[in-house]
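Take a look at these structures.
What follows is chain A paired twice: with chain B in the first complex and chain C in the second.
Coming up: the complex of A and B.
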């Protein structure tokens, strides 16, 4: 998309009506950072890039921040705080109220076979319910298929904190073209074996047989994030790190 | 009061495993500091220290007061530390945590009790008037090793500070403004710095310098050594934790000395740079009678 189609907006800016997508059947959907003020105003609430999708008839604002606000269908990495009678209290970001993960929301879980998670364990989960003034609810199983589909407790490995912007870019289907992050693919191409799980709440879990690889991936992610590196610089960074390792 | 956020089990396990394999998350050596940065403010006596992501601001100030009755020939010197919620949401104003108490105790022991500042030179009229020098330490961002960063900031602020010049004629004390007379530096005797070691493993067999916050949360003990570049140790604080081998402690002390020499020369260099920058053109520019017109 050309840059002219994605203008930078500030909170309270008026949005040019020509930028608002029109669709015959679907209702207009507003994503993060936009607010509808009845009857017909759409106002940005954060500073960022206004992105529109004609096909889905939706618009939202791309911005980078460090405070995570849960929204439904997000994939997140949570930290179990404690267990109640039939649910776990899971922390999505420090110093915020806990989200709830029912004991039975795991693949094939019954009262007897549910996973026993200690305080401090990490889980990869999907947000099922996120309303503004309520605690979020999570699940580790797909409600339609009954399969885990990659969700569940994360064993071993290490969790790294990244900015929400990078987490979102890593989760994009075409992260290289659309998001401009290639660092994980590059590290994989250099022959490092590792697996990752990216949580939209700004956490990346990395697991590998060798601790060295995990440290390397963590450093690559952090430097990409802090330096706001482009694809070309990411290549250089990966080469530098790999050279330093050998 | 919010409790400090605990790292997850995975993180704790991995950090310990990595440290055993001699790896640190940021790729440092066990005895390597994070990049140490120092900038001075526009005013004299303001030092802004960054150590990786940790950031501490120290500000020195002076006022004329009455000396303590039991020490009529000494000036007053205080260090005030404050950990605000800006550094971490786990800190609260007016409710000192253990970290804050330990930090202020250690700074007190290192800078004040070691006699780094010549308090006798702060006396103006015996038993009646003296300077009260105060350093305020503000932690702006907390990513581990607050002690070393704060101590460096305090020493840098005090050495950068200039107090107003004074004179006594016929029992009348005059304090001159900077326009009347150039302010004078404090009577400084030696520059002590803190070096903190963190210990890991069941018997504290691995020692790391300059632990980050994540490393601090999984360590089994720590030891703060304060010394100056001549190798004179001002204090050693090993507050609880796992006992540490004596030989290892000796080794830690000798490495600490090397580090202190580095830190000390960094401070000297920065102070020199700052003086040069403030004094552009030198004495000749100051004394010239010509004006820009």
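Coming up: the complex of A and C.
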């Protein structure tokens, strides 16, 4: 295989040492899909494209999947299953063990004033602890500032399931240029008023005053995901959906 | 009877499963779905590693002892390549549905329940590996498998790769071998009478099919001799490359 800039790798493939970034000061950071076998082997564990960032001295595997595996600092949308004495059990993906969200991990929460969440409620949360031997832990408040910073219960609206790859692209700072998803901006430009929250666990929450808009935005996202639509096709899809709504 | 010897595969064919694959080769067609890592049942869960659950469903009827035997063979092989230590207390479920098996043109085929079914193992293993890759389950390596029969021909014996049902009827012995992408032997099951020399020849033949180095796959394709058989590793890679390119179309 020719040593291209970003080769496609399979689990267990040897990585060309010339592709591993070197930096004088920063330690090398390994992202998803790679494992380090001491002393000096770096081996992919999933099939995908090897991406390296010289500036940040990091490397990871870019791939798409549907099963979310919690990792610290991810923003996720969870569904409350039940409440225990001092925490909520929150589901992040189907058929996996629940994550734990303490009652006091909300903005301004005290023992007396804490959000009352019923079973089925959605929360936008950050993963604080992800360890293979323990259930994941979540928080809806920044531990440093004590502010919610956009996290917390999601009231109204509806959650749609998408692939983890699309969720990641939607969460990119420049999702249109870097991620190739423009569908939400296009729908907004067509005059629809809605708000969204994207969870790294493959859930997108859409809220709007009109139920029609929620369904339309959700459908646009699902079709973009399932059809692997490019920016041009997303434009066509939005036009078609808007025409159908009017 | 024209059974294509070139393997064919489609990935992510089942929209609801975490990963899935449909694979056909030498008359066998198998569809696999993979779900995981998910929560294991209390009585199954292991404190330090994931439980790999393999379920084989026959093309017709309910599974029996034969399927349980195939499941146990596949389960032990797949546990070796999946990074089960990464997901303690969880379950990785692999369901393999056999869709079609080659028919014997010479003998009136009836399902013989008691006999072993070695020739299907490569198809099952290959489908499972493809489905695991499609589900992005972390793995140590990939695997390729092959079946070789030793068929008598007059006084001599001849190696037949991917034998037809006719070859299997007259074969002295049948061997299934699987290798990881690190050229390690993953699985070796044999049936029938054979000598050590024969087994060594079988091993070499299977290794040639399963472990052809990736670098020569493209360049040497033309000069490969006919008897070499399909190049499983190259097939696996090209299938995955197509899938990944489709997944990352936005890049």
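Definition applied: the second predicted complex is superposed on the first by the 242 of 246 C-alpha atoms of A that agree within 3 Å, B and C clash if a C-alpha of one lies under 4 Å from a C-alpha of the other, contacts with A are read in each partner's own complex, and residues count from 1 in each chain.
Going forward, contacts are C-beta pairs under 8 Å (C-beta built on N, C-alpha and C of every residue); 3 or more make two chains touch, one makes a residue touch a chain.
For clarity, every value in this text was computed on a predicted model and none was experimentally measured.
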item: Partner chain in contact with A:129 - chain B first, chain C second, else both or neither; value: neither
item: A:95 touches, of chain B and chain C: first, second, both or neither?; value: both
item: Chain B versus chain C as contact partner of A:75, first or second or both or neither; value: neither
item: In the superposition, chain B vs chain C on chain A residues touched; value: C
item: Touched partner set for A:42, first chain B, second chain C, both or neither; value: neither
item: Touching partner for A:15 - first (chain B), second (chain C), both, neither; value: neither
item: Partner chain(s) touched by A:180 [first = chain B, second = chain C, both, neither]; value: second
item: On chain A, positions contacted by chain B and by chain C; value: 94-95
item: In the complex, chain A residues that touch chain B; value: 79, 91, 94-95, 118, 120-122, 154-159, 205, 211-212, 214-215, 218-219, 244
item: Of all residues in chain C, those that touch chain A in their complex; value: 15, 18-19, 35-39, 81, 83, 86-90, 133, 135-142, 180-182, 214-215, 236-237, 240-241, 243-251
item: Of all residues in chain B, those that touch chain A in their complex; value: 2, 5-15, 17-18, 21, 23-27, 89-90
item: In the complex with chain C, residue positions of chain A that touch it; value: 1, 8, 10-13, 33, 35, 45-49, 62-67, 69, 94-97, 132-133, 165, 169, 179-181, 226, 228, 230
